[in-house]
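So that you can tell them apart, the chains are marked A, B, C, D, E and F in the order they are listed, and the count of residues begins at 1 in each.
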Amino acid sequence: MRILVANVNTTQSMTDAIAAQARRVALPGTEIVGITPRFGADSVEGNFESYLAAVAVMDAVTRYEGDFDAVVQAGYGEHGREGLQELLDVPVVDITEAAAATAMYLGHKFSVVTTLDRTVPLIEDRLKLAGLDTRCASVRASGLAVLELESDPARAIEAIVTEAEWAVREDKAEVIVLGCGGMADLETRIRERCGVPVVDGVAAAVATAESLVRLGLTTSKIRTFGTPRPKKVAGWPLPAQPEAAAAPAGAAGPPLA
Amino acid sequence: MRILVANVNTTQSMTDAIAAQARRVALPGTEIVGITPRFGADSVEGNFESYLAAVAVMDAVTRYEGDFDAVVQAGYGEHGREGLQELLDVPVVDITEAAAATAMYLGHKFSVVTTLDRTVPLIEDRLKLAGLDTRCASVRASGLAVLELESDPARAIEAIVTEAEWAVREDKAEVIVLGCGGMADLETRIRERCGVPVVDGVAAAVATAESLVRLGLTTSKIRTFGTPRPKKVAGWPLPAQPEAAAAPAGAAGPPLA
Amino acid sequence: MRILVANVNTTQSMTDAIAAQARRVALPGTEIVGITPRFGADSVEGNFESYLAAVAVMDAVTRYEGDFDAVVQAGYGEHGREGLQELLDVPVVDITEAAAATAMYLGHKFSVVTTLDRTVPLIEDRLKLAGLDTRCASVRASGLAVLELESDPARAIEAIVTEAEWAVREDKAEVIVLGCGGMADLETRIRERCGVPVVDGVAAAVATAESLVRLGLTTSKIRTFGTPRPKKVAGWPLPAQPEAAAAPAGAAGPPLA
Amino acid sequence: MRILVANVNTTQSMTDAIAAQARRVALPGTEIVGITPRFGADSVEGNFESYLAAVAVMDAVTRYEGDFDAVVQAGYGEHGREGLQELLDVPVVDITEAAAATAMYLGHKFSVVTTLDRTVPLIEDRLKLAGLDTRCASVRASGLAVLELESDPARAIEAIVTEAEWAVREDKAEVIVLGCGGMADLETRIRERCGVPVVDGVAAAVATAESLVRLGLTTSKIRTFGTPRPKKVAGWPLPAQPEAAAAPAGAAGPPLA
Amino acid sequence: MRILVANVNTTQSMTDAIAAQARRVALPGTEIVGITPRFGADSVEGNFESYLAAVAVMDAVTRYEGDFDAVVQAGYGEHGREGLQELLDVPVVDITEAAAATAMYLGHKFSVVTTLDRTVPLIEDRLKLAGLDTRCASVRASGLAVLELESDPARAIEAIVTEAEWAVREDKAEVIVLGCGGMADLETRIRERCGVPVVDGVAAAVATAESLVRLGLTTSKIRTFGTPRPKKVAGWPLPAQPEAAAAPAGAAGPPLA
Amino acid sequence: MRILVANVNTTQSMTDAIAAQARRVALPGTEIVGITPRFGADSVEGNFESYLAAVAVMDAVTRYEGDFDAVVQAGYGEHGREGLQELLDVPVVDITEAAAATAMYLGHKFSVVTTLDRTVPLIEDRLKLAGLDTRCASVRASGLAVLELESDPARAIEAIVTEAEWAVREDKAEVIVLGCGGMADLETRIRERCGVPVVDGVAAAVATAESLVRLGLTTSKIRTFGTPRPKKVAGWPLPAQPEAAAAPAGAAGPPLA
């Protein structure tokens, strides 16, 4: 089967890392295709950028030429999953939700740890809306500024591991869900230091998507996620402009479309 | 003061109707400016169109040249309010939320009545996320197809009034919140038939926005709705293309940007 | 329009301060009338005094000679709003509820700060019953005894500001709701120190009441808040005894009626 | 031990019936003292009358000369229990709460059945505030007007039994809690017709109060229900006016105090 | 990998059917081993039989000689999963929970349909405890007696399909979760008649277990599901009595051990 | 009346202590019979041992020869109550639930304090399932290892009292519920140090059971707790083997039955 793994930001290297992570856990017969949005933030934080990403991901996925069996939306606490579910017949799996649903099999309560403080409410809201918040002990952020993350990655990782420790000790989490990506060894570090299972969203989502496909399950089209009625939608599909995608992501110049 | 009232769909006549409704309740000194998105559905239903509208409204509002004191987002059960709150300093009021919060002053429980069945889960989710669902007795839809609404408006209105009656009798609603717009006399008809107060979202939101402005209150910038950090956002702002806005809404031709 | 602002305690100077605060935000055409109960505590704390105040406010409001368009009940975490709603046709707005409902437009979560520790459960219960507790991060009290408040007001204010800081830092509140009144500059001090919007209950309630009146909305009479059936109610209305009202509030001598 | 059973209305015959019901289940050594308020409605319905009753019961109980070991407040969905808890050291048991807490030992879910439709929201609110609503399947009212109750008692009882049947069949209640009093054989009739246990509030509350006394448990005074601080409370205690109590309950003439 | 699929009742033919169902969805390299308890009911209904099954499954699983990678507990609304999690290091997946967690990817709300009415509260309680109840629209039972199921299977299936239809139409379910097993074509019939995805618990649980194993995830041992401390446990392990297992399941003669 | 008080572990001295505690509060005419399971852990911790105890208690209670009027299950956070309710007609009272339900009459919020950390989630789950969690401020454990409890009881008690203090000060508990037994003076120590009422589960459960019996209330048999249908249950009843019960509890030798 083929699974599209859609990055929510426009950073190609991040897409590559996500796809690599997905391939590590995918079944032998599964082809992973990384998808990068043509526009939006190079690192999505907050609602404005997330709404933009929701549309950019819908654009990128529907623009994909070829068949696929499922889509994984690879962002933490992001908008957009419900839109993809309307546009597609195949299963759509959000990594924040898949990670939480997976963690629930492993312990009485789980906590999510992430980097940016402002992402916390978005993750909380996604879990609440998904009905996966009851067994969530806490969502914690290391609170380090992004610049610090880049300039001193070791310290950034240490800060997250520390939050995981607090989650286990104070919030009584028995499982840690990663609410951020791209940090080498983070999973191992938390597991060793805290002695609890660590769930990575991309991995959980890919395995979940594969399961849904193998079980022959698809999104219910009877009501909420029914295919949009044929109607006039001004400006959609977004115009094909190869140069937009080709332009260096985040360059000031090239317009959205 | 000046309040931007942002329609979520691209139908100019609907914007005009919404603005007129807003002006009917606005304070003497309040200027109402209707805003129409440059792209998106001519009548928003479901998540795909709503996410597109979220971006289109952010585009339209930030493109507005001139000062304003508050924004009302005029869609029932739509995405996007949180994005506007990040981009702006002035208060942003969503009509679904304002209507519910207003209804809570008037009775023990309220119900929302709308037309399309598929809008119900979106309204339910917005209320849940906003923490305004506890006193919501039900969200009910007349379930009539859109074509029927156009071909036989009297029957369409009758169908909604009937749902309101059921909400009062069966779900024990004491207040009815309108979850749809554009139907003449609907408010009066429900009030007369059901004997309960009827809250219109646009009216409630305008009065709420005026109150927030008068109280000198603005969106908290400390965390969730902090201004997006300066960063590369490919394709944003969307390119200015006067012809796009000028083109007949929903016309196939003009690209998003 | 004319709005009665009903103090819940018998301290006339407090009524004056509340009315002044109300006038500061009222619309040009709004007349604010301060109402002081004829009996009860000079400073209401706890359920016993609050239940007494509920009746005293109903007495004072129904005794008011003249028309009015809305009532604001000005007490934090007090009983009684539902009784007024039954006795009156015009809107009744409780300041605890109005402040919370207003705060919800401004941030992801809000906290209430007050002085007396024993008021906390009452505020929590009012918010829970009103269905406004989901987005309440915490209700915090400075815990200072009343005597300290009077003897060292600067320290009393500092103690509340400190609680507000904790609410923002620890409980992740993005908006502060004042759960107490009568302290000069408290609002400003919190805003400056915490960097978040501060909502005053009286101001929020007056603006809300004005909005409801302008929208032509009144309390639903269909069920919970229906006018009491005509029946024998021994001792009600309470007897008119001018001397009671004239007596110095809180004086031991004058009987209830 | 001695238990005061406080009626919430001013109808002496109702007090007698309640006291008789209490004596039927009381332990051999328990003395039941029926208490009738000096003012208020002869049959309490709704919030206005209930708030009045809250004060009237506090007046009647604190006016009682003699020792007592516990108080039962005998009203369905009434205000006031928290006030008594502050004024007294001995346990206070509300019959709506005691009936619900008792029903929870007997089945997976319970329903409350009552007569007047407008009492339903009050009972729901009391259960919610008490944290006893989760296992409540429904609160149902027969909806018969009071006059019908008096003119055709057989039909009134039949209407309630029918609601109980619906609660069992549709709402999946496994226990019925009576939310009204004074109807002969109602308990037996429901038990026979529905085949489920029936809990009477007065009986449950008396047994609960006796248990608390025997266990040596008293109301916590550390915070919410701490004794009111000594302060000026104008008009309290209410003046002793024997003629008021002596006057025929509900007579128009005698003032509150 | 090898997955033990533990039936909760003592009917070998049911174990065979469950194992066959499991094999239908298992990955090529997965070996499915059906496990039948040595004692307990031949068809588990209600709490008494379910608690007995919980111990019987723990007995059967710990008695299994050989390695295995995960356990699926195949009962609807049954007790016991938490006990297995303590005794084992490998993942344990309950089919009621796996089915619900899987359904949540496919639609806004799901309903569970089962046969026996008394199973409904057990399923509701399992979902509540697992924190998977928020998006559950309803748990419905056809209510047919077991004898009817055997004597007229066609009618039994029709009754369940009808409940599924009601769940979709009235409760707004968008996905149906099967809460019972062993009925040929039930899944297909519901899918065709209701037009919604149907989730089978055994299939969902096997796929989930495989995913957990592939992801290298195991039960957290830090707190709730830590290995029982070494201590005296009288009568455990249950004595090996080959004749007990060999005896015809459900025969009156052979004692538990 | 006669009440069976069923210990959940196999330690006879613990049964004696529980029975003595029960007798201390029982009514004059109440006979308390202590019941010790024939198999299981000598001190139940966690789900595995608790499920075993659930069956062992059902075995012990149904094996009791003689009439009885109610059963108290004396374990903190244990499984099994629902099974007993199916097997018996008389009321069954779980001490964790009875203690919580009793505490709710005494203060705004209560906390449970216990010894072992791993018991906390079990108590939380029992309260949640029973619908008694809303007013529970916290469940706290001293966290001392069992060996420490035995070697240094004074320190063990001190550790629990300290948790109770934290519950009152930090979690705002107004009542303490004991979630463990067998420690002399613990109740008194907490009451003196914290100044709040302390509820012992055994005492609360006995008084509750007596009340239910006196009120003539029995478990509803209409659905969830209906008597198990007559069917083949292999191995049940467990075989009578006097030597098993006679053997020293926890001895390795004697088989379960």
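By definition in this document, contacts are C-beta pairs under 8 Å (C-beta built on N, C-alpha and C of every residue); 3 or more make two chains touch, one makes a residue touch a chain.
This structure is a prediction, so every number in the text was calculated from the model and none was measured.
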| item | value |
| --- | --- |
| Interface with more contacting C-beta pairs, comparing C-D to B-C | C-D |
| Relative to chain E, chain with the most remote C-alpha centre | C |
| Distance between the centres, which are taken as Cα means, of chain C and chain B, whole angstrom | 31 |
| Chain E-chain F separation of Cα centroids, rounded to whole Å | 29 |
| Chain D-chain E separation of Cα centroids, rounded to whole Å | 45 |
| Distance from the mean Cα position of chain D to that of chain A, given in whole angstrom | 54 |
| For chain D, residues that touch 2 or more chains besides their own | 108, 121, 172, 223-225 |
| For the chain D and chain C complex, residues of the former touching the latter | 10, 38-43, 45-52, 54-55, 58, 79-80, 82-83, 85-87, 117-118, 121-122, 125, 128-129, 146, 223-226, 228-229, 231-236, 238-239, 244, 247, 249-252, 254-257 |
| Interface residues, chain A side, partner chain E - complex | 25, 27, 91-93, 97, 101-102, 104-108, 130-135, 168, 172, 174-175, 194-197, 199, 203-204, 207-208, 210-212, 214-215, 217-225 |
